[in-house]
Every structure is written in structure tokens, then in C-alpha cells.
Amino acid sequence: MSIRVIKEKCRGCALCVRSCPFEAIHMSGKLPEIGAACTECGSCLEVCAFGALEKVDDSRKSDIDISEYHDVWVFAEQRENELMPVVIELMGEGRRLADKIGCRLGVIVCGENIDRLTYELSCYGADVIYYADAPELKTYTTDAYTKVIYEAVLRYKPEILLLGATHIGRDLGPSIAVKCGTGLTADCTKLEINPEDKKLMQTRPAFGGNLMATIVCEKHRPQMATVRPGIMEKAKYDRDHECTEIPLEVSFEDGELRERVIKMVKSLREKVSLTDADVIVSGGLGLGGPEGFDLIRKLASRLGGVVGSSRAAVDAGWIPHSHQVGQTGTTVRPNIYIACGISGAIQHLAGMQESKCIIAINKNENAPIFEVADYGIVGDLYKVIPAILNALDGVE
Amino acid sequence: MRIIVCVKQVPDTNEIKIDPLTGTLMRDGVPSILNPDDANALEAALRIKDEYPGTTVDVLSMGPAQACYALRECLAMGADNAYLLSSRAFGGADTCSTSTTLAYGVRKLGDFDFIFTGRQAIDGDTAQVGPQLAQRLGLPIATYVQNIREVKEKTVIVERQLEDGYQILEVNRPCLLTAVKEWNEPRYMTVIGIENAYRKEIPVWDEKDIGIDVQDCGLNASPTKVFRSFTPPPKGKGEILSGTVSEMAQSLVAKLMEKHIL
Amino acid sequence: MQLSEKYQLIRKLARDFAEKELTSEILDEVEDTGVFPVDIQKKMAKAGFYGIKVPEKYGGQGSDHLAYAITVEEIARVSAVGSLYVNSPNSLGGMTILIAGTEEQKQKYLRPMVEGDIVIPFGLTEPGGGSDAADMRTTAVKDGDYYILNGRKTFITMAPFADYSVIYADTGNRPSGKKGITTFIVDMKLPGVSLGKEEQKLGLVGCATSDIILEDVRVHKDDIIGEIGEGFKDAMRCLDVGRLGVAAQSLGVAQACLDEAIKYSKERKQFGKYLYEHQSIAFMIADMATKVKAARELVYDAAVTKDNGGNSTLASSMAKYYASEICNEVAAKSLQIHGGYGFVRGFKIERLYRDCRVFTIYEGTSQIQQIVISGQLLGR
């Protein structure tokens, strides 16, 4: 495929040049020229008011027969014989895709003494479980897992292979993809499938989330994707779900495994700074006193976040300056910013308004903070925060 | 020792804004920078060079001719040589195709003890090219490396970062390591380093130079294609919740769950 | 002026450094304590900022005046006082040794200076004569192999933590009958050297300034820099570069004031509109930006003139005169846009406004620049 300029239709307006996220288009005289950086994302097609751009198919054919590939597979990542939470999400999504194209949901799992895991996977809806049980597979290593899964893919030919975009999934995925000679889409946030041609539409953020791209892998199989944890809906648990279990042969030659895990060290990340935090709960003058930060801390730790504050609370001596968010403090852009008892002075807003989701809790419904908030709660924070803590307990 | 560091020049995604009217990316004036994780990979290589005099650090990149700028930055930080793979034929490559081209480039560079690269590039955030390159070169790999504990005669002992801690991993040499930002703090260039970087020649190699078939590189050899791209819908006006305190709290949590924010 | 890629990389180095090291927390602390962190000074030296134009054989970076101007501009954009630390070794103290020193003196002083191990200020100004530097009261009287120095130097930046100081002193009339000024390098530990009280300054807090008092200080004749009686000429040559440094500082601070004005005008709403949507504010910003741009052209032109070996006196004076004047103007306008918030501690503009005030004063007031410029033009 490539993008072609239809000279007769082009008016030389250069809208396409400006629309290109990859700066691949340049004007050559009055006509745009598509450069080497083009990824065929199609942004230019959308903006062209004259239909002067088209996509043409000129790529070479792959030599595999894609009709031999069936089933949706999920890689069931385990650590210390516990399934990673993302596996359940992948199975939920895998089930949905499998039902759409009318095929089975397969799960592939590697480890040592994993009987309990295969049972669990069957309850989460696996139709077929391919399992490899060997001491070399107890803990993940690239060489061992890549070999076992590559051989299984070769033999059983799945249509789709999904992995969690964990550190391990993002190590294993590319390794298998290269061995299989197929493509891989990283860190997907949305998957759709075309029931006709079984084309998997894999949507993922790019350019730091400024752009979304839908990726397809048309001529190679399996269609592989790693999926961002925490996005997909979890699979339902059903004790009575039946499934077939197929053991995978495992044998390694001497020296074949070139990585050895010496030790696993568990460590909680050291206390994150404001700039790195995913969640920030901030308090302001509305707290009424320094002890108000106890409640803020409680909510922050419940959400795995850190404590911020407005300048006013710092100036009042309720909390050290290092917590201050705003123009004269730290500029932050977490996933969740909860402003409690902060009216939203300009210097505070300047430091936090690029947060992905802003929640404001304030007594005064005219407080400027509500202008930037995604969700606002007008009320007494001493009542609202405990209620939120309650609500959070309810969902777990 | 010889260390090859693979780097990429990327647009500084923090500087990219969306045009509120057209909803398109505004790339005007967005600077191109050395990919941040790659700077950590280079720093790790330079520290080995500091420790083992006689070590050579060579930097390899694939990209348009302008990517020489990022390579000069690497030289100014202390790399010995830099090489650029650049050709129209390499354009539009996905990660799979990129790793093939890089593998040809590495082979042309000859023997080495390590390949270092950043965990992922900020324009694509895929983290795939490192592991793919290792597979193509038949090298053992450790991704998400946050520290080298010991360089041994035939192996290296590294710390590989996981979500809840790290593995201590022994990997045969030669091998490929991908660096996370926690590994180190990249050094600054120096003024004299910049002066010297501009006195050096950066060889630019195309498909003929590295001996790759045009069918095996660029868009031609990319199994994945961008089907369409779009800007995420803009943030709508916020919502003021209503009801009793407990109803508002419940509905807030429910909304956050629904949007997968929690 | 379109900068080549090399200079863009120099700018990137200086900007990355300034933004990463000179955080608002650190700068607030500098403001509170009056002390500029030593580790940041060391890092600046390591990045090569202290010896940008010093040849490699003296431990320097072997670069040029344009690289120097860009570096000072970028550091000043984040911290004016920080840029002072870059200015000093590159211009006044260091320059004296570089242009007039013997090979031995260069080896002895330049290397440790560019590595950040020693500090050498420039002792020209006296209490009785600021602009009128030729009216020198400090005397040096020959006594065998030594000279006995007596006098007082005033407003000497960095004197309180200096290891050596360049001191200009009157060594008696030359054969031509004109006053003979000679340059000495004086070890600050010598008997008879003492410091005045540290000045409390309006701006540039974090780089201590005081008088240097010389009472019967015996300086060996080997510590004379350049020819006896020729010091004034050398001082004026150093000031050429010094003025370029101040011009670059002014440019950096002016750019920062403009940046702050633009940022604030997009955050603050009055009468239901953002400030920048009010034409009165938008036009102020247009004015500021145009002047900053003009200043940048003058500064880079002066640097390139110097690098090309041309007569840079005129270009440096014009750059310093214009950049420092518009810097004060732009700072005042930016503060005006900030309204009351600009008048209180906490917003960056408050510090910028204080810091830039001295730019039209030190290393030759604007009025002295007018004398130099008109003198060059009219041949007087």
C-alpha cells in the first residue's frame, strides 16, 4: 500500500502537509509529495477536501496461508504461580472476539506445577488450554518461554494471540513475533474484529497519547497484540465451564537457555514524587487546619497516590512546600487529580490543569476549580471524602 | 570492549499540541530530540567505557538525514563513532521491519560485546524494536534493565525491572540490554564535546551499503499497517454531580470505573 | 540570524542544563540564603561553561564567542545570577589572563579556573571612579622584585569567595607622561588583603559582592599581567567581551520576561476574557517580542564580529546598550501584565525585574555605551 496524489484533483492547498503527523508530506511546486516517513496512517486522506489522495495496494504478498489459522489465544502470564490480573481481562476480551468470529478461546500457560492455574483458567472461560509444565518454566525467561510458545504457535496455528502489556508480555511478544515472522501491535487499548475477514483492528495511543492509531496485520498470522492492563473487561468466573487441556512438549538442550534468574527481589516503589505520581490528592484552605491532611493522606494512599496542596495551605504552614502544586510549586499531570477544598486560584490551575481527570470537591459552587474539573462535587469535604472511601470499599 | 548503542531521534511528544479547531496534531516547531530512554542506554555504555578504558562506544540509528542531529548529541556526550541508516527504502517501517534493517546495520559494524538500546521510544511507545533486534541477531536479551551488577568474562549480571520489584538475571554475552530511565542519569554534553562532534564524519548507509533487499525493508516488509489514525475526542465540559453525599460518591466511583480511570 | 546546527546543540546543552539544575526550588533557596550551590557551579564547569572560549591547551573548550553568548543567554533565561557564574571566568578575570598573560600564567590560572577550582574576579572599579575607570587611585610602588599595592576596589563581584583577583593599579606615569596602569594578579591570602562588608543587593542575589581592600600588599613582579603601564588598554579589551556577556544576560532575562508575560496572559482572565484577548495586552506583547528579537540579532552579531576578528567594540557596546535597556523595559511591561501578582514574591517576574536592573549599570552604564558608540562613529 502507499498513498498516491491524484494530480488532476489536487488544488495545492497543502492541508495534507499540515495534517501529517509524521511530517512525511512536503510541497514540491504546487503538488504535495509523499516522503519516506509515510506510514499510511490516512490523516491526509481525511483532511483533503478534493479527494485528491488515495491509498493504493502495491505491497508484496506474504507466503503463508492465513486460512489455516483459527482460534483466539491468550498468554496466561503467571508469577509465583499466581495469574496476573491482566490475564482475566484478556480472557474477557478474548472471549468476546472468539464469539464474534465463532472460534474457540485458547489459553497458553507456562510454569511449574500449574494444575491449579489450568483449573482457574478453565473457570474463566478457556475452551482449550495449552500448558507447559517444567522446572525451567517456573519463572519467566525470554529464551525458554519464546521457544515453547513459538513451537505451540507453529503447531496449533492460532488466528490471534493476545498478551498483557506487562514488562514480561512486552519482552515475550516481540520475541515470538519475530520467530513467527508476523507483526505485533503494542499496548492496545481497544480491539475490534471484522467477522468477515477476521481482521483484528488494534487501536493504541501514539505520540504520547496525542494520537490514536488503529493497526491491522492483514497478511501474517497470528495477529498479535499486547494489551494495556486495566482496560478490558474481566472474564466471568464459571466453575462449570468445560475445557480441553493439551500438554506441550518441553525439552531444552544444554546451553540453549542463555538467561538465568538468580533471584527475585520484591520492592515497593519508593515513594513517588509529585511529577511521577499517577494519582494526586490535594488539599487547600478548605481543610480548615493541618490535621485535615490526615484525611487527604488516607484517600491518597487508598488510591495509591501522593498528597499535594495549594499554595495557601503551604503558606498557612499546614504542609511543607515540597507538596505544593501550581505555578510556584510543582507542575503535575497525573491520571487523576482530586482537589479538595481548593478554590482554584490561577497559579494553582496553571500547575494541574493538564491532569487527565480532575475531580473537585468544594463547598462553594462558584469556585473556579469547577471550571477545569471533569467531575465536581459541591459539598463538605469532611463528608464527601469518607463517602468516597466507602464507595471505593464497596467495589472491591 | 565494544558496545553498540541503538538510538532513535523522536519528536518531543511533550511539546505536541492538538489544534483545538481542526483536531489535528500541531507539529510546527516541535523539536526533535534524542529518545530519552536511549540516552540512558548511551549513558550506561559510557559508564562502562569510563570503567574499562579502551572500550569503544558506537552509536547506530535509522532515520532521515536530519537524525544526524541526535547522533551528534550522542557524540557530544562521549560516543566514539556514529552511523546512520538512511534511505527512502527504509521509510514507513513498522517495528518488525525496523529491527531487520538495524540487524543488517549491526552486522556491518562487526563484532561487539553488547548492544544497548532504550526500553522504548516516546513517539511509538512500543518497546518492541529491542527484543526484535535481539531475536534477529540471535542474541540473548534482558529488557527493562535498571542496573548492571557485574560484567563477567562470559556473562553479565543485571537487574531487570518488573512491576513489583526486579529480577537478578545472569545473561550470556554478547547480549542486548534495553535500558529504563531508572538505570542512570544521562550526562550532559560538553561544549568541547559539541565542537568535536562536528569535526567527525557520520557515515550514512543505505540498503546497498548494508546489503539488504529493498523488499525486506521499510513499508514493504512491515506486517502491520496503520489502518487509520485519529485524535482522541477532546475533553468535554465537566459534570457537577448531584444527589446526597453518598450518592455523589457512589456515582463518582462508578464513573471512574466505567471510564477505566480507576 | 539563522544558527547552524552546532549552535543549536550548544543552546540545547545550556537550556537542558538550566531547566534541569536550576529548578524553582533551588532558585528560591538561593534567594533566601544568598548562596549559590557549589555543586551546580561544579557541574557548570564540567559541562564546559567556564572555559567556552579558552583554548583546549589550557583546559578550555576551544569554542567561540557565539557559543558563549548563547550559553549565557540560556542560563540567564532561567537564572540571571546563574549566568553571572558563567560570565565571570569567560569574560573579565579569565580574559585578562588569556589576552595578556604569559604562557606560565595561563597554565597556572586558567586550567583551575575553567575547572571551577579557583575564582578570579576583576578588580577595576573604585569607590571614587566607576565609569571613570582611568581615574585610578589604587597605587603600586616598586620595591625591588615586589610592588607594594594600596587602595580599595569596589563592587567586586565574587570577591568574598575569590582565590585570586585581577587588580588594576597606578604604577606611575609612563614616558609619554600619561598615567600608567598595570594589571596584577593578587593572591587573596596575601597579608594586607581584606574584604569590605558584603553588599545587600537589589537583585542578582546569590553571587556575593564586596570591596577588596589592599593595605601594603607585596605582590611579586612575576604576578604582573601584560606590560607595565599598559593595563588600561587590556582592561578595555576585556570589557569588550564583558559587555557581550552582559548583553547576552540581558537577552536571556528579556526572553524570560516575555515568556512569563505570554504564559500569564493565557492563564489569567479579566472581564470574562483571557488577558491576551485584550488588545492592550496583546500589543504590549507584540512590542516586547519585537524588541527581544532585535536585541538577539545585535547580541549574536557582536559575537560573530568578535569571532571573525573584526572590531567588536562598537558591536559589543551597541548590543549591551540596547539589550540591557530593552530588558528593563520588557521586564517592567511583563510585571505590569502580571498586575499585583507581579509585585509579590512567588512569581518569577518579581525576581527577573530586580535582577535585570543592574544590566544598564555594570560593565559600563548605558551612558558610557553611548559615549563609546558615538566616539566610534564620530571618531572622537
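A, B and C are the chain letters, set down in written order, and residue numbers restart from 1 in every chain.
Here is the rule we use: a contact is a pair of C-beta atoms (placed from the backbone, for glycine too) under 8 Å apart; a residue touches a chain by one contact, two chains touch by 3 or more.
Keep in mind it's a predicted model, so treat the numbers as computed, not measured.
Asker: For subunit C, which other chain has the most distant CA centre?
Answerer: Most distant chain from subunit C: A.
Asker: In terms of Cα-based centroids, which chain occupies the most central position?
Answerer: Answer by centroid distance: B.
Asker: Could you see whether A-B or A-C has the larger number of C-beta contact pairs?
Answerer: Here the pair linked by more C-beta pairs in contact is A-B.
Asker: Please report how many Å separate the Cα centroid of subunit B from that of subunit C, as a whole number.
Answerer: 40
Asker: Could you please state the distance in Å, as a whole number, between where the Cα atoms of subunit A are centred and where those of subunit B are centred?
Answerer: 18
Asker: Round to the nearest whole Å and give the separation of the Cα centres of subunit A and subunit C.
Answerer: One centre to the other, that is 51 Å.
Asker: For subunit B, write out the residues touching at least two other chains, lowest number first.
Answerer: Nothing qualifies.
Asker: Quick check on subunit C: which residues sit in contact with 2+ other chains?
Answerer: Not one residue of subunit C touches more than one other chain, so the list is empty.
Asker: Looking at the complex, which residues from subunit C come into contact with subunit A?
Answerer: So the residues of subunit C touching subunit A come out as 24-25, 263, 267-268, 341, 346-347.
Asker: Please name which positions on subunit C make contact with subunit B in the complex.
Answerer: 5-6, 8-10, 12-13, 16-17, 43, 46-49, 52, 56, 60-63, 67, 71
Asker: Residues of subunit A touching subunit B in their complex?
Answerer: For subunit A paired with subunit B, touching residues are 1-2, 18-19, 21, 23-24, 35-43, 47, 59-60, 62, 79, 139, 141-143, 146, 166-168, 170-171, 173-175, 177-179, 181-187, 201, 205-220, 230-231, 258-268, 303, 335-336, 356-359, 365, 370-380, 383-384, 387-388, 390-392, 394-395.
Asker: Enumerate the contact residues on subunit B facing subunit A in the complex.
Answerer: Subunit B reaches subunit A through residues 11, 13-14, 16-18, 22, 24-25, 27, 64, 87-92, 94-96, 99, 122-132, 134-136, 140-144, 157, 159-172, 175, 215, 218-220, 222-232, 235, 238-241, 245-246, 248-250, 252-257, 259-262.
Asker: List the residues on subunit A that touch subunit C in their complex, please.
Answerer: 311, 321-322, 327-328, 346-347, 349-350
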